[in-house]
Amino acid sequence: MNFSSDTSAPAHPRVLEAVLAANAGLEASYGNDSVTQRLRGHLAEAFGTDDFDYWMTASGTASNALALSCFCPPTGAVLCHAGAHIAVDERGAPEFFSGGGKLHLLRGPDGKIGPAQLDEALARINHDFVHETPAHVLSLTNLTENGTAYSVAEITEYAAKAHASDLVVHLDGARLGNALVATGASPAEMSWQAGVDVLTFGLTKTGAMGCEIILLFGPAREKRRELEARAKRSGHMPPKMRYLAAQAEAMLAEDLWLELAAQANAMAQKLAGGLEARGISLAFAPQGNEVFALLSDDQVTALRAAGAVFYPWMGGSQRLVCSWATQPEEVDALLGVLTG
Amino acid sequence: MNFSSDTSAPAHPRVLEAVLAANAGLEASYGNDSVTQRLRGHLAEAFGTDDFDYWMTASGTASNALALSCFCPPTGAVLCHAGAHIAVDERGAPEFFSGGGKLHLLRGPDGKIGPAQLDEALARINHDFVHETPAHVLSLTNLTENGTAYSVAEITEYAAKAHASDLVVHLDGARLGNALVATGASPAEMSWQAGVDVLTFGLTKTGAMGCEIILLFGPAREKRRELEARAKRSGHMPPKMRYLAAQAEAMLAEDLWLELAAQANAMAQKLAGGLEARGISLAFAPQGNEVFALLSDDQVTALRAAGAVFYPWMGGSQRLVCSWATQPEEVDALLGVLTG
Amino acid sequence: MNFSSDTSAPAHPRVLEAVLAANAGLEASYGNDSVTQRLRGHLAEAFGTDDFDYWMTASGTASNALALSCFCPPTGAVLCHAGAHIAVDERGAPEFFSGGGKLHLLRGPDGKIGPAQLDEALARINHDFVHETPAHVLSLTNLTENGTAYSVAEITEYAAKAHASDLVVHLDGARLGNALVATGASPAEMSWQAGVDVLTFGLTKTGAMGCEIILLFGPAREKRRELEARAKRSGHMPPKMRYLAAQAEAMLAEDLWLELAAQANAMAQKLAGGLEARGISLAFAPQGNEVFALLSDDQVTALRAAGAVFYPWMGGSQRLVCSWATQPEEVDALLGVLTG
Amino acid sequence: MNFSSDTSAPAHPRVLEAVLAANAGLEASYGNDSVTQRLRGHLAEAFGTDDFDYWMTASGTASNALALSCFCPPTGAVLCHAGAHIAVDERGAPEFFSGGGKLHLLRGPDGKIGPAQLDEALARINHDFVHETPAHVLSLTNLTENGTAYSVAEITEYAAKAHASDLVVHLDGARLGNALVATGASPAEMSWQAGVDVLTFGLTKTGAMGCEIILLFGPAREKRRELEARAKRSGHMPPKMRYLAAQAEAMLAEDLWLELAAQANAMAQKLAGGLEARGISLAFAPQGNEVFALLSDDQVTALRAAGAVFYPWMGGSQRLVCSWATQPEEVDALLGVLTG
């Protein structure tokens, strides 16, 4: 009954098979290998466009920070939710990679930036007022840190506003697959078609060993060389990149990533339904693979005694995360403890 | 006949087996998994001490820069050879991670810092003279970028001098195994016993997929928490660290890494011997797995025509690198081209 | 009727006289001149202690950022009010100087951090949780950005809490004189005796040309050399420092700075009284030299038509700042417009 | 007999008079004052063009680092002489301001970059090779750190080469006046007409209290807003900028700066001539206000005993610096010691 995080899950067997298959013969280093080159076709198919560039790292923090640092100058700021991963869980990575840029934290319910908050933040930008730090990037997260999802319409609206203020739009898609399954949108619809300029396309939580692809769409591609230079100097250009690429290839093949995201979401829905059936309230309506349950102290104690693993969350709820590896029996077992 | 780099080689099969074996069940994230924890014992055995802490990344650039940034403040400098990897091949990573620290480049033949150059650099340190940047770290590389090896005696002497000037001693051991095999020294003798405070212990070039362990020895261990914080904010704390640890475990088990380094060195010796037998001079006496041959333009053309892959090097030689995967037949084939 | 800012005022004539007097003969550079050295005695007298070190810059932003960067590592955070100058008016200087450290913004009425907010922020610090950025410094501002003053008792209480959590206490005293006059406290009582470790002692707004002294008290003095190194590399070690020191000397002599702060405060009191007598509400109870008036649009229009200069402030009030140079006639003239 | 540095000299009386004159009435802050605005006309006249923007700081280190950071990205490098002030005397300011950019140190006699060294450095630039840091800026210094001067022809040639490689050309003119007097060139000829894109125009050593103007010429003006933002966040936007501007105005009026530079150069020529007449060799042919004399230990001892102040220099010479305040009697006195 381990609901601590989707990063606790192992990788899907097909990912390992691909890594094994990639381990044959000599290959050029630093991303010039055949597997990395081949990945372009898979990404083009998944995102329905050829107008993109990409780079891979093994860390979502790295991919987010690299992506942001290409668009937020040291004298600029990134708009994001106050609870965003880049704001609270990355130990200042955006500030480090950007050379001292700032995050402007916006509020809004359910882990989503409120429309009024965004409008106000955009209205405040004044490049002529040298004392204040103007925003250069809007960073959204989907699935949000509260397990909720922005719809394609919301992202499209926010991106349009951001573009109207000359901001670049970043999407932290550490759980993109979960958000896509939840909303029924396609990768294209939720990224470049919605106005996303640069995407952190996470596969680790979905089922890879560690693979988070940065995608630059359309005009953002002009930063490709800068992105690679920044990747190199931050140690995110490992010599044998074929092993990163092989993971991505396995996940994209036959839409394995979406299949695994759907499995995780289904387990979360089963869990949420079971909790509500037992009269337990949820802090947020679960749309992806995370459930935030308002458990009593007794319930928490009972669950822990039964061996369940999960973390308390800001605001008083308990976060229960399902992954591709979560079994229905585990969900049943957890619910069983709460039934007693 | 690919002699381009030891990073072009695949990983050794036992590394992949270990990764596969680690892919079972749920594990705590961010280095708290059982494989990473278990690694301590293997490292203790390899280095003959318990007085160390460690962190892993998938990149030598990252491990070097993280190691240096814990000991070189933004107002300080690192002494290193003018041809060191940290100086010429890492796109400014040490400057980035240290927050704008400097590298003071020292000269010396065969890729090794000359004793007089070191003495002069140490003598110049004046913490009271605020205008100049004082050195805080001495960074040595073994195997050097020219394929030569510092002896344990040399490292011991240099480290003693550095310590006498209150410098911390870093060893870039991207090819540590090759240097150990070349000199007959033990890991302990060439690291903490010689005065090395912080080691980048490279396994990627030796035969892993991507694993470079930072080891803090003795008093340097006080930087453990800072090292982890810097690793996190630079994106070098991937959630599923078990896959890094599994590689290290496989390499350390039964000294696989030293066995593979010995194979690579042996191929380089065979290659060097064959070249010299054909009257071809070497730019440096080869001590590890790299041979720098002074080939004529005709010889280069002939080799390339025959399909050999290798890179020209600064100073006019051609670098030929052997790895654990280099086969005697490849060496023979290359030498055969030069015989004709 | 210029109430735009106390930085619009000229320097007091005695400051200029001192600068003129310092312009005689040759002096050692970079702070080794006789005027800078002599300043120690004046500061010791003003602050009632010899246990301090000091450095001068011509900019409050520089002095704040230098002070913070000596105590907040790149992996750490500074606690400050959401409206603090370091947060909203310094274009990311603290992030730049600290190498990417963060500001954790706290709320509280009247420009002062609320006690519960401080407690909560301190309770959240967890150095063992590598993902979040722990606070290393508490930065208070007195006079606050809303023209209110922390009492010595408040600073003492906050500093004690901060110290109990191993934080260093910084005081941004850009308007320290105004706060001292308002509260009746001595410089010693409001700084090191209250637990302030590092002070930005502002004299520019009080009546200098440009002089902001960083004072390190007690244990904080161990950072003296680092402070100087950081000052040098950020361009805050001008060669002819005698001109900075001469300003400070003139301001400290016979407590000129306190006399000038008292004048400015008195004008603000006169202004505030006059506004309230005309039925105009104030957004904050004025304790120093700043008045935040809730003027109607008509009143604003009338004032501007009459030639009054002032800026609108966040929250809808108008900020009216008095300086040492503000004349009673100007206050009367402004009030006269509002009477009509 | 103080020949320690031109920064030890006081400011010229007319500078102080101007500062005093500027100290009247209220003025807008942060560079919007009338004196700063008025300066444009003086600069346009001095440099014979209107196609420029400018910013002032009180520090040459600050002005150099700000200038460089607008043109050298964190992933880039600056080409400069190994003995350049930015390389050895600024405690890593360029690395700090650029966010971790590098300096590539070039050699050449007499403190000047050798033509072959420049060609080789330019030829090495390869933006497609991500591992190495490509140069983005060429930084020249005139007067050089060895008291020699580049001719306009040399700067023109070097700038043309740099531009052909897409580099921006920076001139560190801390002693620009001395170089102009030495070569007979006009400010325009030695700056924008020669291909200089960004100039650090130093007035401090020439006779100001502390004023170093950054000038952006032509296409470089697109960095104006970035320059101001960087100035603000580095604390180089002091609120009462009128005092900086007043200094510049006084120096530019009636070419006072060139008159003072000529005086200093004349004293250096007198000194150099006297030394050579006494059989003392000079390390470099003195072209400005600095003389590097190869004195014997006995001579050094005798001079110090007589109260002369000067510093030993790298390479074994003694640096003797004249300023606008150096009197012929002082030179005679020094020479007199060496005669005895």
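By letter and in written order, the chains are A, B, C and D; residue numbering begins at 1 in each of them.
Convention: a residue touches a chain if its C-beta (ideal position, glycine included) is under 8 Å from a C-beta of that chain, and two chains touch if they have at least 3 such contacts.
The structure presented is a predicted model; accordingly, all values stated were derived computationally and were not measured.
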{"item": "Common touching chains of chain D and chain C", "value": "A, B"}
{"item": "Length of the shortest touching-chain route, chain B through to chain D", "value": "1"}
{"item": "Between A-B and A-D, the pair with more C-beta contacts", "value": "A-B"}
{"item": "Longest centre-to-centre distance from chain A, chain (CA-based)", "value": "D"}
{"item": "Averaged-CA centre spacing for the pair chain D and chain A, given as whole angstrom", "value": "50"}
{"item": "Centre-of-Cα separation between chain C and chain A, whole angstrom", "value": "42"}
{"item": "Length of the line joining the C-alpha centres of chain A and chain B, rounded to whole Å", "value": "34"}
{"item": "Sites on chain B at which at least two other chains make contact", "value": "30, 74-75, 90-92, 96, 99-100, 130-131, 229, 232-233, 237"}
{"item": "Residues of chain B defined as touching chain C within the complex", "value": "30, 73-75, 99-100, 127, 130-131, 225-226, 228-230, 232-233, 237"}
{"item": "Complex contacts: residues of chain B adjacent to chain D", "value": "74-75, 77, 88-92, 95-96, 98-102, 105, 130-133"}
{"item": "Interface residues, chain A side, partner chain B - complex", "value": "2, 4-5, 7-11, 13, 16, 19-20, 22-30, 57-63, 65-66, 90-93, 96, 204-205, 209-210, 229, 232-240, 243, 325"}
